[in-house]
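The two complexes that follow have subunit A in common; it is paired with subunit B in the first and with subunit C in the second.
Here is the complex of A and B:
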């Protein structure tokens, strides 16, 4: 087989690509710990006089803890709602019932409606509900996601029919079947739901931008955008802030990469 | 409220018909919360948006039906709209470039080499990151004074003067597109990789026996069988990049002038900075139609498989 020879060009190409993918991170990280004036030219390649003071600056320049808390609360609301609502909807789709085709059609057409095409009425509706500038209002539009419903459906479909029938004969209600029989067997679907909804809500920028008014309700991405509009990019603290915001996402991704990728590919190929 | 219905479900009903009605109600009640969210934040906004586009309305004035006036203003009198439309189309047209690079990468990381999982992880890493932070990273990379790209260009004597990338009418849009491709690359790669792994290996063996070289095998086996994956990438990539509001808002805010204005940023500015909800709604309608048209075309080209769900 010719396939076994000449691997070094492949490695070379991939190393070059990985380099391009990673250099931007490095450049920002370098700026955030460099002790020299960030605008001195030529820029140093390795951080000169490394120091952590920009990270300290972030704490004084902005209410980082408040932004962080807001992001965490909104993310937790989103995650819990997603797991519960999507599991229920996903279970329903494994059953036969009148009107199933309509529901499937509805879900598929909703997938074609990007959130950005609904912002004006979404803002007005949330206003009518009195939820602008509240945690619930920030999380509500993301309470259920169609991709994740299909992730649960795929996972529940793999549970043997006989097991569900046995549970029914034992007198378990449908509600109990979901939580006692299906969920323990769908751990990876739960993990996928948790990770996808966390990443989506953690990174969400446009909706909080529209739906919050007071600084007290702003989430991390908004804080980052606000920082740059007030201070421009004149201080290394901006890049320290950037790293502090990216770190949790990167860590979580490295820990749960499998579930994340699985969720994306299930969602993409099945829905 | 549905809890009581569920608790009584294990009382055996006498007639199967009654039982099946009750089961249907139960299942619909499981679906209800999700459906409610989608009705409230997908379906209802779509209708309301359409209605709003035919009205003259702002939060303090009563709505007046004005027919196609908003559309007339948009198509005949609004240069910014046209600029935003062209920029949006430009970003859509750039998606195949990213997908082509990702296809190459997917073929490389699909080969049997040591450490391929590490490569995959590193290439994919940029996708799940907060786009606002990605925008700040790339602002810094493209910085006129000490950005790495200017530094490299000047060190290699490709440029005599520092190029103000994000303040330049020529460069701003390509720079935003580059940042977008950088973020989406890993996602495309993963989707294509999943497609590659569904191609049966014996096809390649048969072709090899028949004397087809690796280029012909790629052209005749890999590419046709990957077609659904590639178009799926295109549709998702298009939805993602056209709507990449965060990236543009932070990197350039549509500037300089309106050189990087896309429909979404323009809609946002009209609605939430100038409170022209009615006119912004009309542009939203056009934006949505554009997405539908491109998705539909991609769907037809791919053989109609994109987004298809397995029915049982």
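Here is the complex of A and C:
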């Protein structure tokens, strides 16, 4: 039996799993162009009378462009801050310093605290800084995430120590070592940070709900909630809205999936 | 090896010819072209014809433009069809409208019209056909 023949049951199982996972996406896409009632029986696999007008309805029913812009600005701030701050934190954790184990334990234990538990302090701090109802305030609690710090740490750990020593001998400061030596070698970790921070920021509902006061500062997830409260017959338009919210994240993931997977597995084979 | 990883390729090609630039760039071009199209075709003109059941032009039919206003359609404007049955509105602000036409003794008609953007200029391909059946059906 050849290697290919031995693998076909695995591929068959993977295709079945892919099918199960993709059906909901297909259903949302189909409903967004057909507006078909989700309870209709028998359900149609192929959309009946497909048309794009539910997307037009969404665009004009709420200030979609404004919400989109807000989400984009907040996501860009979050991505930039995550890449910079997490790289610095990840690099520091590759160094030897007193109390390193305690810091690591602190980070790991903080991962167990849900954001909902820290939301009141986060609100008070953001309020004291005068950043409520601003882009910076919306992005602030997501400026650094512990998982992404460890992604950078794993990536930096894989860089040979001799390379860092050589950079030091050449007179580079620690700051320049991060940006000139480590970061070019950690592209997959950067991609992982970009994707994860983007998705978390893009889909965040709770914090923007609390931190925004004016309608002009609301992001897409809040717009979705508002849209549901507006419309009576929401089937087609609601699903169209979901597609419009999901599309940027899916596109970003598809663009950087190779680097994303590399970033998550960096250090996994480190002996 | 992709051009992005090829060290022999010129730097500008490595920066420009990769999926992280090409995909957003293509989307940006599509958005610009679409907005240019919208900008040049959003004068709110809706034109069409009114005919009777046998397909002859109907003069003097009252044609109304209905605009969707959150939950229902409200009348936005009205006009009379000309001798060749043609009519035109120049102030449509919406993307979700209905057109109705009526002439006593001939009949009435009402059709929904969906547009790709607000105030899109449109000439109806199918005329508004007045029928007694539509009158009775009301």
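Before moving on, here are some points about what is shown:
Here is the rule we use: the second predicted complex is superposed on the first by the 222 of 271 C-alpha atoms of A that agree within 3 Å, B and C clash if a C-alpha of one lies under 4 Å from a C-alpha of the other, contacts with A are read in each partner's own complex, and residues count from 1 in each chain.
Definition applied: a contact is a pair of C-beta atoms (placed from the backbone, for glycine too) under 8 Å apart; a residue touches a chain by one contact, two chains touch by 3 or more.
What you are looking at is a predicted structure, and each value in this text was computed from that prediction instead of being measured.
Of the two partner chains, subunit C is the only one touched by A:251; subunit B is not. Once chain A of one complex is fitted onto chain A of the other, the partner contacts of A:51 are limited to subunit C, with no touch recorded for subunit B.
In the superposition on chain A, contact of A:108 is made with subunit B only, not with subunit C.
After overlaying the two complexes on the shared chain, residue contacts for A:60 are found with subunit C alone; subunit B is out of touch.
Of the two partners, subunit B and subunit C, it is B that touches more residues of subunit A.
In the superposed model, A:166 lies in contact with neither subunit B nor subunit C. By the touch criterion defined above, A:12 lies against neither subunit B nor subunit C after alignment on the C-alpha atoms of chain A. Interface of subunit A with subunit B (complex): residues 2-3, 7, 10-11, 13-14, 17-18, 20-25, 27-28, 31, 38-43, 85-86, 88-89, 91-92, 95, 97-99, 103-104, 106-108, 110-125, 140-141, 143-144, 146, 149-150, 157, 171-175, 178, 199, 202-203, 205-206, 209-210, 220-221, 224-225, 228, 233, 238-239, 242, 245-246, 249-250, 253-254, 257, 260-261, 264-265, 268-271. On the subunit B side of its complex with subunit A, the touching residues are 3, 6-7, 9-10, 23-24, 26-28, 30-31, 33-35, 37-38, 40-46, 48-49, 52, 105, 108-109, 111-113, 119, 121-126, 128-133, 136-141, 143, 145-146, 148, 151, 155, 182, 185-187, 190-191, 194, 214, 232, 236, 239, 243, 245-246, 249-250, 264, 267-268, 271-272, 277, 280-281, 284, 287-288, 291-292, 295, 307, 309-312.
Chain contact summary for the complex, subunit C toward subunit A: residues 19-20, 23, 71, 95-96, 114-118. The touching residues of subunit A, counted against subunit C in their complex, run 51-53, 56-57, 60, 232, 251, 255-256.
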